């Protein structure tokens, strides 16, 4: 093992890993973090904590991760390159590791244009690929990005995102290759609705043997309503929602739509289990965290393996 | 405004608008003497500065008259002129002179009636808008001083 | 060229409110090319300013001049004959020009007439787009001639991000996704393998981040 990460152990065991997500509150309200996390305890192996998602200010991912760690759960520190330069990032990584946080997800981050501070400076001192490389060198070479030695280097299990549905499609396997080259240990994909397209991407991934070099987790987000389905189809960049999904959601009365949405997610997980190279599932139920246990259970992913933290 | 007679400058292209003015003349169609015609080879010859200077020197209104769409003798001089007029209108709004003192009008050579009617309409419109503000302020100042 | 756009008239009138005689100086280079501050624009702005003042019952005398460029002291020196007859100067050049005039004529107030924007190229008549950020260490040789620092909204050196849609940036459908452009170009040049070579983190010292920059050519310095 490269790290103490629970996720690394589960991947190594050959079991499907299951993660979910926690969005911190837009204020100094730790109770909200704890409440959400408690809903997931026992149903997932680790919990992502988002970092100023959609460029809206929230409690820092680092702080929220500490609360989650105190609950005896395994947090995944998400960090974007949009808001910090490499000094701040490395400092936060040292801080997080000192609090026992050992798993990270490296992202570029949504552009400030989408958020509540469009006037803010868009940092991007380094990009997500360079970020992965930086953390790998901190861990494996024990050196800061600038070259100096680190006292007790942080051993982070490094994750990155992949979006098989963004354009250009023909580049999406190469982009994965770049991230693997930089040192990514695991990948969480954007939420999958177009299973055919995802399988096509996985084909390309397997052709190059990349599925053996990185642990790929399929992203799943349950639809709550047909309105949500349409919104995601038309207004969220890099999202691919096939018409059949919209039809299915529209085909049931409003009170039944959440149930249908969960059904669709569970079916997706079942199908994805048999796709070679899929090593786990990342269930993102934004503002619907209470449904994660049901999805995980219905998808036959319980009980979760007990790993000593 | 007692007896305000607007001064209107009309840049007329030789091939269409000026010929239409001629036609109005031949047909003895009346149009107000407020309109001072300046013949140009093409409405596209009229640049932003010409319109600005006309107003700066005290014209109350300006219009640029060119050929109908697709008929410009020089291909798209009339389209260029229309774009410039639109640009100047915005600038005039910004400085408080008023973009509606300037217009782009299209007509063909045979449209004597349209020429005359345009002159009538523009004169009335400017009469209602009142004198060009660049004049009235100094005039008020002068009459207050007197 | 360096591109710029005229500031709102309200702001310009406010700057000049205390004065009666000003010098309005244009520049024959970049701001002429992007139609923001050349001889033509000087004429239009002069007329607009005078009309704005006349409207308030005041006069503004405007002496109009257009220099070859304002970023070289030899040309700025040409203003020396007019400068004493005016109370203030308004420059239609980019920020470089405005500052050169201020530096040369220390006791004369100088005001910018335009907002300097970016280094760019003409896409077509009337349209100019950002192309270069002056990062000081050009990577165009690695990216098929398209700059990811100037043209990618997140200045990714290993893009695209997950928001690229139909060749356009997630921020604005009018912005081309720089990495789509780079990929297309690498394909056209037959060097797609270049794409998977990860570009290392940038040293921003060569850019503005290291502080205001200066170039000294020892062979040319007198």
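We just call them A, B and C in the order they show up, numbering each chain from 1.
Quick note on the criterion: a residue touches a chain if its C-beta (ideal position, glycine included) is under 8 Å from a C-beta of that chain, and two chains touch if they have at least 3 such contacts.
Computed from a predicted structure; not experimentally measured.
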{"item": "Pair of chains joined by more contacts [C-beta pairs], B-C or A-C", "value": "A-C"}
{"item": "Chain nearest the overall Cα centroid", "value": "C"}
{"item": "Where chain A and chain B are represented by their mean Cα positions, the distance between them in whole Å", "value": "65"}
{"item": "Centroid distance [mean C-alpha coordinates] between chain C and chain A, Å", "value": "41"}
{"item": "Whole-Å gap separating chain B and chain C, where each centre is the average of the chain's CA atoms", "value": "36"}
{"item": "Parts of chain C lying in touch with chain B, wherever the complex brings them together", "value": "8-10, 13, 40, 43-44, 47-52, 54-57"}
{"item": "Residues of chain A that touch chain C when the two form their complex", "value": "81-82, 86, 108-111, 113-114, 122, 124-130, 133-134, 145, 161-163, 166-168, 171, 174-175, 177-178, 181-182, 190, 237-238"}
{"item": "Chain A partner contacts - residues on chain C that touch it in the complex", "value": "153-167, 170-172, 177, 179-180, 183, 195-196, 198-202, 204"}
{"item": "In the complex, chain B residues that touch chain C", "value": "47-49, 52-53, 55-56, 91, 94-97, 133-135, 137-138, 140-141"}
